[in-house]
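Two complexes, one shared chain (subunit A), two partners (subunit B, subunit C).
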Partner chain A sequence: MKTDGLRMWDRCLLLGMTAWLGMATPAAAYIAYVSNEKSNTVTVIDTSSWTVTKTIKVGQRPRGIEFTRDGKFVFVAVGDDDSIQVIDVAKQEVVDTLPSGPDPELFALDAEGKILYVANENDNTVTIIDVEKRTRLGEIQVGVEPEGMAISPDGKTLINTSETTNMAHFIDTATRQIVANVLVDARPRFVEFKRDNSEVWISSEIGGTVSIIDPAKRTVIDKITFNIPGLRSEAIQPVGISMTKDGKTAFIALGPANRVAVVDTATRKVTKYLLVGQRVWHLAFTPDEKYLMVTNGVSNDVSVIDVAAQKVIKTIQVGELPWGITIAAP
Partner chain B sequence: MRYRTTIAAWLVVTATFGCAQAADPRYPDWPCAQAKVPEISLAAVWAGPPLDDVAGKWKEDATVGSLVAKLAARRTPLEEAQQAITDYLKGAADKTRSGKLLFSGLFDTLNGQRSQVMNGLERITRKQREAADKIRADTIALQALQGEASRDQAKVDELSNVLVWQTRIFEDRHRVIKFVCEVPTAIDQRLFALGRAIQQEIE
Partner chain C sequence: MSTVVTTPVRSGFSFAEYLTCLNGIVWREALRFLHQRERFISALVRPLVWLFIFAAGFRQILGLSIIPPYETYILYEVYIAPGLMAMIQLFNGMQSSLSMVYDREMGNMRTLLVSPLPRWFLLSCKLMAGTAVSLLQVYAFLLIAWFWDIAPPPSGYLTVLPALILSGLMLGALGMLISSGIKQLENFAGVMNFVIFPMFFASSALYPLWRILESSPLLYYVCQFNPFTHAVELIRFALYGQVNWTSLAVVGGCTIAFMVGAITAYDPSRGLIRRGPAGGEA
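Showing the complex of A and B:
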């Protein structure tokens, strides 16, 4: 009797679990926001159906784009309007503006989501913004055409790259002073820290390489190069970098090579090149890391990569000149 | 007024040429923000079967030749071009071979057009550099004329008039360059889209 009752319970639990799991599947869907530099819009994509659910009008020349830590808002840098716009995710419209410097391009949010560091391409500065008060806290002078921005996992260092000066500027977030400059190859575009803070990866669009920097010593310790048979070396222009949370695999967007390189971070060698759309620049993982979405600026679409299978499974048409992408749970 | 001319001319030249240093040392005359890729590699736009066995043969086929000309022309809307590809390959005896011939022709033609545009951009950049030097020299000469104790007003007027025109031409060309910089990318886009349509048909 007792055992039967238990079995009943088991069955009920199992049934309940199955039902719960069944319901949980659609809840695991995410939303992706894509900035379209030329059409002055942001495309919203539902990752459960891989369809466009909304196109939001934003300011002029949207590029850098990122969710706030609570997932309620999306920041988008609108370069030709010299500001950062705030999109309310529930309302799916622009509701506020943050003050940046002229021509903001990319930005980094600190771990708490309270301070935003913005690279202003046109006046060689990084603007520091208090997100809650919507005010400017200060500015840091950096090299010519600042772009790449990343904060170290411990929050102590901000790295900014300058496209024309070809440098990675190491900035102390407490004193807001540059503490080191590391020379990399021509036109650095993007910075990615390993989660354990052991390495910083920086892409050089014209140099065609990714430099690996030891953040403690602040020196270049290795360089990743790319070679795709049948492709001119000039077409290999590394820009976006995304690393898995375990730090084992990196995906690097190679611009007009129309490919994403898969790199084993232990050997620092490319293991595979995935053919995506034209002029691939930026990438973002879904929070469960099952998929990687990449923006193809010339073919005006987004490719979806199955991370485990390392295969492109889908192409989604978006606006004109898709640039940045950010993904979060709804 | 005269001073304004010299200052304006000087500003235009330094503003446009001061910042526009070539980012890529391999191509000092390349004026565009987009990094230069001198020609499209087949591997960047074609993931279909190898084209080695049909290289150059598209020219021998009159139907393919005229279709290539039609599809390559940017005045043919992309949707119309894609439809023409579908229609042509539906009626083909050997779909794969016809598709390969067609893409081979489009690749050669559009790559050729793209190279011409890129060479033109570099040629006009060199011209602009010469024009900038001339404007700088004339500005200095004008300032010298204006500074003379017994200045020749007719000469001053003539030279400042020349400067105004030179500056205007310089600015117009600068705008045209910015516009033409988009053309190689537009060609890349077209070739990729047409290639994708052909691949879908022969798959």
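Showing the complex of A and C:
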């Protein structure tokens, strides 16, 4: 009888031990730069400790933000100052300014990091800037309220979306001319290419969909819709899209739905909704793709998603109205 | 069923004899639990109903801000999971006290209390047996909750164990204390109304305390003085590998107080058990 009893406890202990699978590994050290639209600052986050290490004062209404290819500088579009500011990563302060058109919002850097394409929200233009010479190379007329910007993996095509015209403009980077316009759902906000150039994903904020476009045929081939039980469909406003390098999984920020959708790119179906802070807009992977960081505008914080586990592990307070995010190795 | 060995001549008992007694009582309780499948199922169904129905309905209404031990935004079902774990233990504590009332009515209690081992030890064994049974129920609940995406960090399953043992002992001791004052099985329904429900609802199990403070400061203080709140918070923090020292102190203190109370009450020479004739209305 006693041995039976002991055996039972042994079994319980064993069950407990199997449930215990080990601790999470600490994150590699990267730095994340977050633009805070309302407080006119950029927050610097150390990803090894997930803590804010510095807050940098920048120009007015900072939104689009991206590291240069060498990781030494960060470009941030300061819309109300009508320019792109350059932050020196070593000094952690603004050191220079690039000329853009009025109200720059988002921008795309070419593969070599030499040419910057800037969407000027109030001017219906895309400005082309030579990064080294710090000069304007030209302008392309696009639709009303241009925002989303992305360059194809082969560097030949630039796609810009215009929020009011509801179009994706395909621009030839060599001739700097629009070669095609594709109509998508209302208020297209963001463009993401699949790494193999086989698909372009475009989010429509008001339409509540993500259109998948074949970049060769330049037609919409599929649409992803979202359905979160208990949420009104108007609350689902897809904006930021981030795809893993292998192209298998996409993460889509759903704005006031306070969720990030995880999409299997093969089936084009949502596999999971992850709860983050309020009004989630843009996302960025750490370079090793272990973590994805997302900006929550209304709750003034940034949530960290463990990519493999597909779980939100932490939320960090930043400045007011965090908008864009970019991450690189220091 | 192992029987308790009586050794007439010696004054003290050996460690092995204590162990035999412990094993006997725990094993009886475990057998009783295993043979009552309905009890196991109902113990599981109760929190699951809360989880699947109540939480599903409330998840949109109760937006939660980030409060320790959580490090990010959580769904409502994640929030109430520790509360439901404590609820399992609360019901289990009351159920084992119910079984003691039953045992007393049926006369089985006399078999137990006639043992030569000290009464405090017999009651402690009974308490440990009840706690062990509640642990099985809680872990079964956690397993099902895991499929419902309520997954604390893997190490949390281990760190929550001491918290569960302590809260199980506290709630079991409370049940024992109450059962000593109950003369009849029928009166037990009152326990449901006057102990289980107020304890469960006036606690942090279903809503965070800051939200209760917003709507009713008085209720907030009631919740803070409710030991069940601290059992819930102790479990909640332990599930995320943290210690809530205030709750630990409250739960530890209450466990001792309830146990001393229960042991005193079950002492036939001076306790409540002899207060009135059996069957008499209290």
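Definition applied: the second predicted complex is superposed on the first by the 302 of 330 C-alpha atoms of A that agree within 3 Å, B and C clash if a C-alpha of one lies under 4 Å from a C-alpha of the other, contacts with A are read in each partner's own complex, and residues count from 1 in each chain.
The criterion applied here is as follows: a contact is a pair of C-beta atoms (placed from the backbone, for glycine too) under 8 Å apart; a residue touches a chain by one contact, two chains touch by 3 or more.
Given the structure is predicted, the values throughout are model-derived calculations rather than measurements.
Residue contacts after overlaying the shared chain place A:Ala257 against subunit B, while subunit C stays out of touching range.
Using the contact criterion defined above for the overlaid structures, shared-chain residue A:Ile313 touches subunit C, although it does not reach subunit B.
After overlaying the two complexes on the shared chain, residue contacts for A:Val298 are found with subunit B alone; subunit C is out of touch. Residue contacts after overlaying the shared chain place A:Leu275 against subunit B and subunit C alike. For the contact definition in use here, the residues of subunit A common to its subunit B contact set and its subunit C contact set are 230-231, 258, 275, 277, 299.
Only residues 163-164, 186-187, 205-206, 228-232, 234-235, 237, 255-258, 275, 277-279, 298-299 of subunit A touch subunit B when the two sit together in their complex. Those residues of subunit B that touch subunit A in the shared complex are 23-26, 35-45, 47, 185, 188-189, 192-193.
Residues 1-2, 19-20, 23, 26-27, 30, 59-60, 66, 71-75, 135-136, 139, 151, 153-155, 157-158, 161 of subunit C touch subunit A in their complex. Considering their complex, residues 1-2, 4-5, 8, 12, 15-17, 19-24, 230-231, 258, 275-277, 299, 303-304, 311-315 of subunit A touch subunit C.
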